[in-house]
Amino acid sequence: MARVVVDVMLKPEILDPQGQAIAQALPRLGFGGVADVRAGKHFVLDVDDDVSEQAVREIADTLLANPVIEDFEVRAE
Amino acid sequence: MTFKIESHNHPSYVEPYQGAATGVGGIVRDILTMGARPVAVMDSLRFGRIDAPDTARVLPGVVAGIGGYGNCLGLPNVGGEVYFDDSYAGNPLVNALCVGVMRTDGIKLAKADGPGNHVVLFGARTGGDGIGGASVLASATFDDDGKPAKRPSVQVGDPFTEKLLIECCLAIFAADLVVGIQDLGAAGLSCAITELASAGDVGMRVRLDVVPLRDSSLAPEEILMSESQERMCAVVEPEKLARVLELCERWGVTATAIGEVTDTGRVDIGWHNEQIADLPPRSVAHDGPIYDRPIRRPDDLDALQADSPAVLRRPSTVDELRETLLRMISAPNLAGKRWVTDQYDRYVQGNTALAHPHDAGVIRIDESTGLGVAVATDGNGRYCRLDPYVGAQLALAEAYRNVAACGSRPVAVTDCLNFGSPEDPTVMWQFAETVQGLADGCVELGTPVTGGNVSFYNQTGSTPINPTPVIGMLGVIADVANRVRIGWPEGCRLLLLGSTRDEFGGSEWAWHVHGHLGGRPPTVDLAAERALADVLVGAADAGLLRAAHDLSDGGLAQALVESAIAGCVGASVRLPGDPFVALFSESAARAVVAVDPAEEAAFGDLCAGAGVVCTVLGETGGSMLTVDGVFDVSLDELRAAHKSPLPARFD
Amino acid sequence: MTTVGARVGARVGARVGARVGARVGIVTFPGSLDDRDAMRAVRVAGAEPVSLWHGDADLHDVDAVIVPGGFSYGDYLRAGAIARFAPVMGPLVVAAREGMPVLGICNGFQVLCETHLLPGALVRNVAQRFICRDVPLVVDNAATAWTSAYENGQHIVVPIKNIDGCFVGSKRLLDELEATGRVVVRYADGAPNGSMRDIAGVCNETGTIVGMMPHPEHAIDDLTGPGVGGLGFFTSLVSRLVDA
Amino acid sequence: MARVVVDVMLKPEILDPQGQAIAQALPRLGFGGVADVRAGKHFVLDVDDDVSEQAVREIADTLLANPVIEDFEVRAE
């Protein structure tokens, strides 16, 4: 059994209301020095050893991410 | 009141969630920009076949997007439609309607006045969204060239920013701080400022370098054309500017004075020390091209109309009729839509007197008097395919009837006309017929059209969608406490209003059971619709209606089942005439009402006075729907058949 | 019992509440939606609603506070996560710890959990969808500041409308809540959002702070909601403030 | 300007409806071999160079994660 991580982020040119809301809240909470925040998703998959990285990329592309507005990265842990 | 319906079809196909969400956002800003408080939304949806793989992608996304945006704005969703038909595969229709309330002396115009006044841009920061969108999007095909896009092809809505924008605008309106206001839609700032200037017959000087940006790499022309969502532009007198900026600050809305009104009669756009444009506003805002498109009646229409449903095999035995009933109420188009409507907040604002599954949404607008409005949307692409003139009038009549059935007097129309390519002469013919049908129908019903929207190019290759005008009807109700529900109480007399003919052209029965579309749609009789509405509204005012439901798709059978399920009360019914025709014909100008037996005579007088045929169907009560001599079905069985198709497909 | 509660609220409560001038604050955050509805419910129950602004660190001498439903700060990040840090929350947390009655409805419940005034947390519904539905509830604890108009075991119907309404907590926490009577309301026909042990609302140790996902302010009349099943939350508070 | 990543995950003992929904959908979409999915959040912060990792941990602990139900990890990119 292997552990694979998929990080999904909005494409850079797409508006990220979540990230903006967080970035705006930080100074109000007394945290300075944060220029930008982008918010995305983080998935941890436990997969059988015979599941290839290619298969995980396909899962990410069809289910975990919406390729119209999101990019993703896959890495083994 | 102000209300309007608008399409967001193509973006909802590309990215269902965001496309539908930004559709809601856009129509809400249209209402807000009038100076009105948005009070409710509705959505009229069309998808490909329910079992098409793409429908499984598009429908859940669209519904979640409409809910996600509208729920976050705090606008109750009080109704709409969901239809499935192959004709919309690849061309789903997402039409969103918004209703707003304002004082007539508080109407705001999209008009700049008074040289020296400030032009204030407020709301979201400007990004590279939808540049070139207005003209490109509507007709774009998807050629994915594989290159990374510099500019986003899809817009992401930010309902939280829009909610703040709404509250901020309402505070600004309440303090009477703007001369004119305009939302930013297609072609963004360029369109907003030229429209404001040309409507006021003034000039304007605007500096693009002060526009707050989300993407600092934007060139001035891109800032001008950006279609970033959730932005408004207002014209403000100098002594009121500070107050406007203060209210924006209170609501956390970014606001910037980007220029001023001038008396030059020209729009002068600057970027740092450069002049980017200098032109008379009229040339942009008003001098659009005028098309004279060729029109041709579709070649296949005669054959289609000649292909009468009379040849279709009808259920004849008692068992076949029962089986047909269960099959019909579980047809995707007739099945319960709670899978969809449960994703919409219908309670927020605390003024919703009726919402799904009723004939119309009813919203209280004055808590002290109970004054309210009712809104319904309707459209039937199959009828329009068979005869667009008649089909448009049937859609109009159905919306009119739905509003009246809940006890409200229909007063005005908004329309969303969804068609294929206008470059196809036969589509253009459908469009022309539809518009004529609507115009004639509105004159006859006395309901002015206050606004609407046209969506062309809904087609795949050379195959257009069925012509689909969606009609939104607004009604007024003096006291929402008198609104009429569809669910029956026990112990009422059940009456059928109107005349039933053998009409199955374009019907749900022909389509669902036989896959047949041909013949003529049901007859339109707008005088009969008026008479029926007079009875329904008069009886509701007089407190004579215990329940009412209009008859439309699926005919009497569908109406009986919906009412029984809604009220959890059955009925015992005797059918007039041929049972199949009585149950499933889609003749227009009909409704079923429930009245107290003691008030039946008074109600009968009302019908006689209006010349509306009133036939006794039976009595309400029990937990069965019994059709005398034909079948009886338990409410449990009806409910199971009616509610399961959407969850079975989309859960 | 529901009807009794309703009658008390609409008639007697209106008079009594007016005499003692019970003042109930309703917080408005950016993105609050059901604040006006909560004010209406307070008024119907016979008390005076007082609007509290998120940016104003002052409770303006109110006797109790309602944190209403909506999507504060768009519910971006986590429902209630950003609202928790609003200036008004400073005095609110202090007053609540000192025994002032506080009711969090839906987003308000999420805010109170984020603030740790209430235990547990609310995560995405099991079906991953927003759900708006009239749900039957059972009152499990009719001894709180907000539920005394009910009886233990009473059934009421109140709408839910949420997407992050699934109540979660560790097994130990859930056991403790049940053992100490801190489950205030449960979903009677199973939790539509997947809440653990069908929990719809919980309270603090003393029963002054209650949080719940269903919206009682949308069940105060037959015209705009599914009956009057929710009114008792507001009349409970008014009779407590009157008796005090 | 440095880039810091914060991953936030539900604690193992907390129900994860989103992860479960994904895990259940996978076989229906023809993807086998995935034993478990956990869903979390992935934040990318652009911070001034003088912002310490400790400061970011504090941001994560007070705002980005809800320590009642979530754990987080911080790493520089």
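Letters are used for the chains, namely A, B, C and D, taken in the order the chains are written, and counting of residues starts over at 1 for each.
As a convention for this text, a contact is a pair of C-beta atoms (placed from the backbone, for glycine too) under 8 Å apart; a residue touches a chain by one contact, two chains touch by 3 or more.
The shown structure was predicted, so the numbers you read here are calculated from the model rather than taken from an experiment.
> More C-beta contacts across C-D or across B-C?
Looking at contacts between chains, B-C has the larger number.
> Would you kindly tell me how far, in whole Å, the mean C-alpha position of chain D lies from that of chain A?
From the centre of chain A to the centre of chain D is 9 Å.
> How many angstrom lie between the CA centroids of chain B and chain D, rounded to a whole number?
40
> With chain centres taken as the means of their Cα atoms, state the distance from chain C to chain D in Å.
Using C-alpha averages as centres, the distance is 30 Å.
> Determine the centre-to-centre distance between chain B and chain C, using the mean Cα coordinates as centres, and give it in whole Å.
34
> Got the chain C residues that touch at least 2 other chains?
Expected reply: 73-74, 76-77, 82, 85, 127.
> When you check chain B against every other chain, which residues touch at least two of them?
In chain B, 158, 160-161, 252 touch at least two other chains.
> Please set out, as single numbers or ranges, the residues of chain A touching at least two other chains.
Only 17, 21-22, 25, 29, 39 qualify.
> Can you give me every chain pair that touches, using the contact definition above?
Inter-chain contacts occur between A-B, A-C, A-D, B-C, C-D.
> Report the residues of chain B in contact with chain C in the complex, numbered from low to high.
My answer: residues 64, 67-68, 71-74, 158-161, 163-164, 250-252, 341-353, 364, 480-481, 651.
> In the complex of these two chains, what residues of chain A are touching chain B?
Going through chain A, the ones touching chain B are 10-11, 13-17, 20-21, 24, 66, 68-69.
> Using the touch definition up top, name the residues of chain C that touch chain A in the complex.
73-74, 76-77, 82, 85
> Applying the document's contact rule, which stretches of chain A touch chain D when the two form their complex?
1, 7-9, 19, 22, 25-26, 29, 31-48, 50-51, 55, 58-59, 62-64
> Touching chain A in the complex: which residues of chain B?
The touching residues are 14-15, 17-18, 124, 127-129, 149-156, 158, 160-161, 214-215, 228-229, 252.
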